[in-house]
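Across the two complexes that follow, chain A remains constant while its partner is chain B and subsequently chain C.
On to the complex of A and B.
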């Protein structure tokens, strides 16, 4: 399971230390070494490798300047991969957000079945994307899947063989797995809304729908931004699911950036161009995260308590 | 110090009754809730019943009806195809990476909370881990592959363990740091008065008070590593080194004509994690909510 790197609100480190920091500093070293070795060094490495023409057969790594970048940027495959990535991102956001929001509001308020529902809703998040993709692949098989067995023409389409449908399936399966996670986030957000606001609205004669749009939705602004950031940035890294479900196909219909990188690097053995794609992946992710953060204003964490 | 109690207390209590009566008539939400439940459960139900069907049954009968003559044959078949080995591999990789990752993250979180005020270095470390949250594993997989080759660890379980360990650190440090920060300053002071070392304070004071968060972080990272696909795909090659998700994938390619067997293997790989979820779900859900909303 790949859950997006969470953009969690953070507090600055508090001054609990009595100034004897010398004796604790060493405790940070093991984590630092591990993370620098396999997180920071590779991040620098991927940039450096994008200026080489390394292939896995050769021992040495020849420096070739901007060659990889030129080939990637002039390749029509890149705009296509960006487009597919954007489509999956936008469609899955559009699909997941209303449902998660609705479910989150529902589960936060529902008393009787809440715990049972919350438990069952969460199950898709536990399954590996490999398992989920294999299941849907079998389920949607036009000849032997659910549609064929039930004789329902709607289900009996060639879901993974048609470009448009395949993209839709990817979006649906992604949503199937991650809606529970975002429901959880919204559930938490709703619980933070003070009940006094609803009481006041009720006294003013506002109905349920009005309350939802005038209180719940505006109060959840920062929750929506947090959840959207996770969805959007996370969707850049969808790999397992697409690879097992469609392997980027049919044709290149679901060949998103991460899939494109894998195919160039580990299938075509062009590590330089693949590294360039990886750099683009990082840059797009950073730009999106920063953009969404600006959208939410600087201080998303404290404002959840506003109006108490 | 129990996080669950804290979050419960934060929930708006005055007027709760009226609010909940009001919300009970959320028809649209209720409808969406039950519909989505069907969407969630239908594929799972289908996997389970199909995994007990014989092949001819699978093609012939209504796919949503339970098997007419349930069979364990598919499970026997999967278990005979090295399932146990892949299971053991997955356990080794998960325990071998998450255990050390949580331990070093806890130490780092403690150091950052205790030492940041006086140490520019520790503030920098904290900043680095925060930035590290934004590095996607997929984007750095090529250099990781190169490093693993240079370390001559390609096609070993260690090749999966090391990057898994590293990538579990940033989020763990963040969540654990938030919890260590809640330990009252006075308790640290009194430990110091008693002459305890920082190492002693870490274990005897911070560890018990942070335990709920430690459990949550362990479960969460365990889930991530257990389900990991891209690292074993790229860093191993021989069947002996496969972990469950990868084994599932190659099994599917190999036996795609035998869907009930493939689905039995899906059930078998999911069963351990589902069992753990049923046991630890309260902890996981409350910890996740607290960890993400802090």
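On to the complex of A and C.
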């Protein structure tokens, strides 16, 4: 889990502050020091650890070269964990993006009841992931949960004990928590779109649906990329939610990379292989973040306002 | 997790501990203690019912001894395990290390982190001779004793709901054949034959521990423990793995068992609410049912018996598995004065007051002849049963995941989860377990 910060931090820190003379660069120092201290140094530590066979107990850490990497890369558990991670990533993106886009557009309008709804939509994000997971776990319990209590046959399924359903539940709960956040991003994005464009469209006789597809959606291109980057990179680090809901189970159906790493490192005392997985996580996260950035084109991080 | 004590450890706490493990790895100032005066540090698990009893034992010791004192720090279960490993890795462990013996203790021994107590026990035969001989099993590594057994014995027993059996006019099974016979009958009444908190994985493991022992005797797992090549390919182990999958196919376990955690005590609730007829679980379940099950025990509805025999099996039916005790070791880097304090403390353990305390929580102290004290308890029937099972057992097997090294144990639990999920066959299970033998 030491790898979470650097993934997120790689994009912003240095690039944006450039351009002006050296006199202001000292302002970047605190951020740089924090980034190096809490991001780069642990990252190097993890990289070094992946070439050892430390068991967390002994005070000397034996250097074993590529042994950990060999054992991780030859383990059929790794492709499975990668597959589960990508599945959760893709499904939760597919599930979250349309819903939060529509909700964001909906609550962007300046109407009082929509502001009230916006506050309500936001509540799930304020809850801790562990609390959410415990609640859902209790609600979905096959014997004492919602289904058994209400007697609704549809709800009386073995939600977390069936491989396919369990994965679906993880995606749903993740989405339930993070849709509010992305809704907020989209709301902000929609409010940046100049009203004059809609006025012009109305004069041309465009209806609401046409306006949405011809103005709102294209104008939100960079918001979609930002939101997707956060979703995709963030989904690599899902751990507590999966751990509490399913503990990677049933069997290994929801054993994502982060869960796999925790189990190897802290349950099986295999710090070397766990560190190797951590490095893989960082690399996958970097690749995804860069890929999405490229998708947005060169101007993705520059301001859009003047370009209207 | 749960089985180590009655402590209700919520999944949230577990997750919190998991997160805390990432950040809080700094050395602790509590670990050293005052080395000159012999103030020894002692870490143990917090929460009822164990904490007040452990604390009481320390308080009485500190009061009775003006010299070396004991300083206590308590932790929740999972937080403790992580903290202790980090502290050992940093050379900052407490003078007295509370633990479960077996594979965990062996890893401390391999890293020279705990003291060999064999000679001390030889010189203080009285300390050793008053305890259950079986409790020294998990404390013994390579023929040497590295820990002082303490607290209570916790065998795994077969609980059943008498009311369900009466209503269905059935008797609890005594053989595996009878188990397979009554499963469809209980299912027909819309009741689950067996309750199981399968997400916790070690709960499933208890079934295999008994099946292996009943079919092939303790030798089957001993071969694995001793690191013999391909030990899991023993016909007895393959038969045991097949039998359990047959039981799963016959819907022997409650629907959704693989999503039920033992931490939530839902498995016990299924039994006392009559949704399941039987449950194979640790003796600590009695305490949970008596605390949470209303008048279930008072109304005489809780039955308990030993694991059934298996047709054609060679294992002794008196054999049992579980926790033969808890264990205290002495940190090798503690000062001589601290070690002296610790050993004096060991001598004071399980005095009458402490024994009484454990008995009141529904535990059986690992003291020979301790059954005399059980008579005054309202739970005397159950406690006597546990005492008889534990003291008469020809062989008291340690839970596999605690007997093995953490690395092998994790692979084991992983494969058990897949076996119970029908993701792998018995032979696939054996094959992947054979690869981690001796690791």
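Going forward, the second predicted complex is superposed on the first by the 263 of 308 C-alpha atoms of A that agree within 3 Å, B and C clash if a C-alpha of one lies under 4 Å from a C-alpha of the other, contacts with A are read in each partner's own complex, and residues count from 1 in each chain.
To be clear about the criterion, contacts are C-beta pairs under 8 Å (C-beta built on N, C-alpha and C of every residue); 3 or more make two chains touch, one makes a residue touch a chain.
Since the structure is predicted, the reported quantities are computational estimates derived from the model, not experimental observations.
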item	value
Partner chain in contact with A:179 - chain B first, chain C second, else both or neither	first
First (chain B), second (chain C), both or neither touched by A:58	second
Partner chain in contact with A:131 - chain B first, chain C second, else both or neither	both
Chain B versus chain C as contact partner of A:144, first or second or both or neither	both
First, second, both or neither for A:163, with chain B first and chain C second	second
Chain B versus chain C as contact partner of A:270, first or second or both or neither	second
Which of chain B and chain C A:105 touches, first, second, both or neither	first
First, second, both or neither for A:203, with chain B first and chain C second	neither
Contacts of A:240 with chain B and chain C, given as first, second, both or neither	both
Residue contacts with chain A in the superposition, chain B compared against chain C	B
Chain B and chain C footprints on chain A, overlapping residues	1-2, 130-131, 134, 137, 141, 144, 239-240, 243-244, 266
Residues on chain C engaged by chain A in the complex (per definition of touch)	10-12, 14-16, 18-19, 21-22, 82, 85-86, 88-91, 107-108, 111, 113, 198-199, 201, 254-261, 266, 269-270, 275, 405-407, 409-411, 414, 417-418, 421, 423
Of chain A, residues touching chain C in the complex	1-2, 55-59, 130-131, 133-134, 137, 140-144, 158-161, 163, 166, 239-240, 243-244, 246-247, 249-253, 262-264, 266-270
For the chain B and chain A complex, residues of the former touching the latter	7, 10-16, 18-20, 22-26, 28-30, 32-33, 36-37, 39-41, 43-44, 46-47, 58-59, 61-64, 101, 104-105, 107-108, 110-119, 121-123, 125-126, 128-130, 132-144, 146-147, 162-163, 165-167, 169-171, 173-175, 177-178, 181, 183, 185, 188-189, 192, 197-199, 202, 223-224, 226-230, 234, 244-246, 248-249, 252, 259, 262-263, 266, 269-270, 273-274, 277, 281, 285, 288-289, 291-294
Chain A residues within the chain B interface of the complex	1-3, 5-11, 13-21, 23-28, 30-32, 34-43, 45-46, 49, 54, 99, 102-103, 105-107, 109-111, 117-124, 126-131, 134-139, 141, 144-146, 149-150, 176, 179-180, 184-185, 187-189, 191-196, 198-199, 202, 208, 233, 236-237, 239-240, 243-244, 258, 261, 265-266, 271, 274-275, 278-279, 281-282, 285-286, 289
